[in-house]
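Encoded as structure tokens, here's the structure I'll be asking about.
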Amino acid sequence: MTLFLRSWQGSIALLLCLLAVARLPLLATGASTPFAAGGTIAILLLTAVGALASFMRNSRAARALILFVTAHTAAWLLIGGISGNEGDARLSYFLLIAASWLLGWRCISELAEIRPASRQTMMALRLLIPAIFGAWVLILWESITRGAGVPFILLPPPSAIWDRIVSSVPILAADVRQTIFKAVLFGYVVGCAAGFAVAILADRISFLRRGLLPIGNLMSALPIIGVAPIMVMWFGFDWQSKAAVVIVMTFFPMLVNTVAGLSASGSMERDLMRSYASGYWQTLVKLRLPAAMPFIFNALKINSTLALIGAIVAEFFGTPIVGMGFRISTEIGRMNVDMVWAEIAVAAVIGSVFYGVVALAERATTFWHPSNRGG
Amino acid sequence: ADITLQLKWVAQSQFAGYYVGEDKGFYDEEGLDVEIKAGGPDIAPEQVIAGGGADVIVAWMGGALVAREKGVPLVNIAQPYQKSGLQLICPKDGPIQTEADFKGHTLGVWFFGNEYPFFAWMNKLGLSTEGGPDGVTVLKQSFDVQPLVQKQADCISVMTYNEYWQAIDAGFKPEDLVVFNYTEMGNDLLEDGLYVLEDKLADPEFKENMVKFVRASMKGWKYAMENPDEAAEIVMDNGGQDENHQKRMMGEVAKLIGDGTGKLDPAVYERTAKALLDQKIITKEPEGAYTAEITDAAMQ
Amino acid sequence: MNASPASVVSARKLGLTFQTSDGPVHALSDVDLEVEKGDFVSFIGPSGCGKTTFLRVIADLEKNTAGEITINGMTPEEARKSRCYGYVFQAPALYPWRTIEKNVALPLEIMGHGKTEQQERVRRTLDLVNLSGFGKKYPWQLSGGMQQRASIARALAFDADLLLMDEPFGALDEIVRDHLNEQLLKLWAATEKTICFVTHSIPEAVYLSTKIVVMSPRPGRVTDVIHSTLPRERPLEIRERPEFLEIAHRVREGLRAGHSYEE
Amino acid sequence: MRSETFASRIGPVLTIVATIIVIWYAAAVWMNAPFQRDLDRRGDVTSTTMEFIGKTLSQPKPIVPAPHQVAQNVFENTFLRKVTSNRSLVYHSWVTLSSTLAGFAFGTLLGVLIAVGIVHVKALDRSLMPWIIASQTVPILAIAPMVVVVLAAINVTGLIPKALISTYLSFFPVAVGMVKGLRSPDIIQLELMRTYNASRWQTFWKLRVPASMPFLFTSMKVAVAASLVGAIVAELPTGAAAGIGSKLLAGSYYSQTIDMWAALIAGSLLAAMLVTLVGIGARLIDRRMGVRSA
Amino acid sequence: MNASPASVVSARKLGLTFQTSDGPVHALSDVDLEVEKGDFVSFIGPSGCGKTTFLRVIADLEKNTAGEITINGMTPEEARKSRCYGYVFQAPALYPWRTIEKNVALPLEIMGHGKTEQQERVRRTLDLVNLSGFGKKYPWQLSGGMQQRASIARALAFDADLLLMDEPFGALDEIVRDHLNEQLLKLWAATEKTICFVTHSIPEAVYLSTKIVVMSPRPGRVTDVIHSTLPRERPLEIRERPEFLEIAHRVREGLRAGHSYEE
């Protein structure tokens, strides 16, 4: 039992390996290019070696390295072998995929426990771990869609999406320019600023607080599909109407979080300001805003993804024939599902980068907060 | 037998025949249990049927042939709509009176698989759709006639049975409008046909059910054309909006159904396929994309 | 109100009751007190007797519920608004996002002093509390006593005429404490400031004060006000003199009387 | 302050509402005027300014419907219809509300679970967050139909697909807020637990959870609004049979702007109600935790 | 390691260096110390000399970067895991959402004591620190000293054999302090606990301890370990005895030597 617990992923992977051996071959009889015996054996060996290595008592780094190599090579061979045989995979194929996935998981767990001495290694690990995690999402997706022969127009494999991205760079770039650099950025900045400004106003003028906040709540869920057509009516087809939708969407999270953040400072800290007969604005700038920063960044993070969704979805309701939302809705209609996913992938990458930038800014400005000092 | 029908759009008189067939028990008479699923702005029936969510779908020929090329082997088993209801309308006091005036102007078009007839037409006219003084600027049009009212576009797409009447409701009189009707111009591509997956059709039982289904549906269409007001009521009961509008729509739809046999005219099919090929929307001549067996059997 | 013109703090029948969910807490009641300009008043009394509360009333951080109080002839609110006093809280209350230097400069920023003057004053006061060299650190990088000293520096940085200090030296060792006591006396002598000082140390109270206010709890009231007969000039050795010990004795007696539990 | 009277709370709201209505009327006249002018020109009608303004405020399909038009529509569809009728706003609101609540419940649960995982399992902390973020940049309206199609193919229909989409939108604010909240205890408070050799579980319940409450409720306010948006969006590909989303969509096919605004108002009221409920929950918890009233 | 079997804390060449953005801070270096079972050890030294840090190393809240340390023959981590000690922090660290009662009960809940036993112990320890009647209040409704006492009660509530107390009586007045000093001595005498006690008060250190550790800063090191010759039985009056004064003098000298600034 304790042996099992020392690496439960390894244990299960071994088990799956054995099961796979019992249920060979990997592909249905009649597959056009079946696995060579050597290939099958190599895959089985790799998974078994990886699984056993996860029990070793050598250094973490060594274990992680072995796991990394075995898991990914096995996956590589498995995926390589399926091309030309789409839809012909049998149970043992999926068992082996699952086994190598467990090894990948184990690899991540091991890496996460490593405490490197140097800053550079630390940074590298910080990037490597989510990268491996993501790689496995893609590996599983690829092997399952192709192994099980999922119809292309339901869910294309990542490789097809990648091909599409590579072959449509100019279109994607034009769409990104239209949607992100015009609508999203403008809307995000204005929406966040407006939410922030209204929060401050409401805080400053109690009359507005009582009058405006309930109405701010009303705006919280103005459904995007209701607002989008109206904004198109008001601001026209081009990016301005999308920016308006983004403004409406990002306003509320910022309002709520800023209001909550403004009351986050401690009472003694506030008393201190009072003892200086500090004015409203001074207290705001020197105490309450810094104390509110964790909350404000919370809103900035949530909004960074909301803004993207808002702009894309708003394009479903009328646009010039460029833009990520336009492309998605049009290409779905044309059954070019790979293009749809290409846009989604681009959106996800840009959204993550956007979020990452906000998170970095947060780290830099709220370094003092306990959540950033470990704990 | 259970059959699921996926419509292309929300419940409206455009699909009255199916709703009537259900409501009047025509399907029951054939021993069929039909579930009608309404569509929506982002439902692609071709995708639904590929995912196993439907047995038969209502789709436009353009979309269906494209899906066929992408590995969803759709086959047209009946074509209740023998004419197209698509047209482009422009206000008479605007810049566009004839096809020659399009250059440099903005036209509203529906996408999501509904854009092929327009692009085929522009292809025929030799106009670029990339904008600029020598081409036309294309807008992805929303669900309504607002772009016309708001002058955001110089012309917009409408269906004879639907958005055209919204424009009339919005205060445009028929004589205020310049109309380019795709059918009249000979640019029409086949609309609302019934499609199923080719491999399923190999199953005789399924085929038999489809014969029954088409027969009952066409019966429904006939009934709807003879009793437009009642048909509109039935549509309303199934989630349609705006009763008057549905009645009027039923009247207009009746003009597109033709002889009510649901038979596909091979000539129109050839033209549709050619237009799509010319436009490179599909890359090779489709084969086996339609069959007359079902309608022939149904109309015996 | 007939407070003498030089009176800095003048309380008449002052009372304060907190309303809590399980009944009222009488934190202060019937407090009469006169603090004159240049006085060094120590408050001493058992934990929970209302010393902090009294300071907070002076500072307009709490409103009295009975009686009257004036600061320099003004209401506490006016006094606060004219920035009459500097306050050292019982806890350091440093802002975690500011370095020590910046924390000390905070009141100066708020009161609108120039950049160079700020730097100059910060340097001087950090020196005074023996924290030079730590200006660039963040509060959580300092020991408890160092934080407390930083907060003292912050209160000294701007030259208020009235200093309200709530156990400022509680977390400091005897040597530093002696050192700071001397510094404080020097400062006081040189500047004619008025100081209200809460402490728990009897020798400290006697050494520093011209007036020692002994308080007793539940409800918090003043039980004794002892006027020091010691000279204003006070070397550390004064603590061995008989007068000193006598005053200390009197304070201890007063304090003991106020305590509820005595074996 | 408890002494705050009802009047002092409602007064400002009414004032602001009145201001908004005035601005709204002005906007309605201004935005509807061009079309009315066209209409008059085509119909060869001339009218006085007052008549003209009157007409801009009574168009059947205005760009900006006048407040009284919307109010009348809301009133009719709320009070004059049987609640079971599919023209009743109450009925549609109820349909939307039920999937919102289900989605919100799943979403909050999922968000909290993810946050707990991230705070406690280092491998998750390092690997999961970027992908959760990426998941949120996938435009729902694009995947909603696919989700519905796929689920329908395996015979999952009705409330669940809608609730799932609403979950997808609402778990994220909760996860982000809770990660922050669960990490908000002071170091010294955590160290106290360490000295007791408290288990992770105990530290979690006795320290992290109470400390995270302000964050939880703030995120829940955002999440409940997001759930509503999700529920509405999810109604579109389900054939738009019932719910506020279907009302909006149906309104938008036929440019029935008044219907759309009425549905929007219903949605907003629903949102306000939900946010207020969460706020009341927050206040109750605050009181139980002895939070000092500021 | 050849620590004597009765050794509770045994440090050998212990060192701890903090890495901060502006260079390393040597908080402890070369500390050798032996605490035996039943010892009452006071740590005294200037602010910032590493007293808290040393206690934190014992408590496994900080890892030493040099040397070795064992607690009851175990590593600090093992000791912590077997709940060897109770810790009183320099700040009260009460949980604001719990009443005083609930705060004191916290360790008992965690260690799984029964409900009635919890109540009994909470009552007893609150009594001990003279806070009965305040059990239902929230921390912010208490004065600073009362909060500190509540945190002492929390550490006493579960019967750890080793008590680590970081200036527990810093915010208390002399009378309460005397009272608690006596109580602590009684407790210690009765239970054979081992106590490590940080204080800034020389008389307190001398009064309480069997061993006084004098530390000096930058880097923090032990400059003197004074073994008390006072008997274990100590009435308050012992503080006037010449032996007492002599030890106090020695501590003061040691302390003074460690201070960097002396006029």
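So that you can tell them apart, the chains are marked A, B, C, D and E in the order they are listed, and the count of residues begins at 1 in each.
The rule is simple: contacts are C-beta pairs under 8 Å (C-beta built on N, C-alpha and C of every residue); 3 or more make two chains touch, one makes a residue touch a chain.
Predicted model only: the values in this text are computed from it and were never measured.
Peer 1: List every chain that touches both subunit B and subunit E.
Peer 2: Looking at subunit E and subunit B together, the chains touching each of them are D.
Peer 1: Which chains sit in contact with both members of the pair subunit A and subunit C?
Peer 2: none
Peer 1: Count the touching C-beta pairs: is D-E or A-B ahead?
Peer 2: Counting C-beta pairs in contact for D-E and A-B gives the edge to A-B.
Peer 1: I'd like the Å distance between the centres of subunit A and subunit B, where a centre is the mean of that chain's Cα atoms.
Peer 2: Here the centre of subunit B sits 39 Å away from the centre of subunit A.
Peer 1: Express in whole angstrom the distance between the two chain centres, defined as the mean CA positions of subunit A and subunit D.
Peer 2: Computed from C-alpha means, the inter-chain centre distance equals 23 Å.
Peer 1: Can you compute the centre-to-centre distance for subunit C and subunit D, using the mean CA position of each chain? Integer Å is fine.
Peer 2: That pair's centroid distance is 52 Å.
Peer 1: List the centre-to-centre spacing of subunit B and subunit D in whole Å, with centres computed as mean CA coordinates.
Peer 2: That gives a centre separation of 35 Å.
Peer 1: Residues of subunit C that touch two or more other chains: which are they?
Peer 2: 91, 140
Peer 1: What parts of subunit B, by residue number, touch at least two of the other chains?
Peer 2: As it turns out, subunit B has residues touching two or more other chains at 41-42, 44, 47, 51, 142-144, 146, 150.
Peer 1: Quick check: what residues of subunit D touch more than one other chain, meaning two or more?
Peer 2: Residues 63, 141-142, 145-146, 149-150, 186-187, 236, 249, 252, 292 of subunit D each touch two or more of the other chains.
Peer 1: All pairs of touching chains, please: list them by chain label.
Peer 2: A-B, A-C, A-D, B-D, C-E, D-E
Peer 1: Which residues of subunit D touch subunit E once you look at their complex with the stated criterion?
Peer 2: Where subunit D meets subunit E, its residues are 186, 188-189, 191-199, 202, 206-207, 210-211, 213, 289-292.
Peer 1: Under the definition above, what is the set of subunit D residues touching subunit B in their complex?
Peer 2: Spelled out, the residues of subunit D in touch with subunit B are 35, 38-39, 42-43, 60-61, 63, 86, 141-142, 144-146, 149-150, 152-153, 236-242, 246, 249-250, 252-256.
Peer 1: Under the touch definition given earlier, write down the residues of subunit B that touch subunit A in their complex.
Peer 2: 41-42, 44, 46-47, 50-51, 63, 66-67, 70-72, 111-115, 129, 137-144, 146-147, 150, 152
Peer 1: Per the contact definition, I'd like the list of subunit C residues that touch subunit E in the complex.
Peer 2: 18, 20, 22, 25, 44-48, 51-52, 90-91, 130, 136-137, 141-146, 149, 166-167, 170-177, 179, 200-202, 252, 255-256, 259, 261
Peer 1: Show which residues of subunit B lie in contact with subunit D when the two form their complex.
Peer 2: Interface residues on subunit B, with respect to subunit D: 10-11, 37-44, 47-48, 51-53, 93, 142-146, 149-150, 166, 169-173, 176, 239, 241-242, 245.
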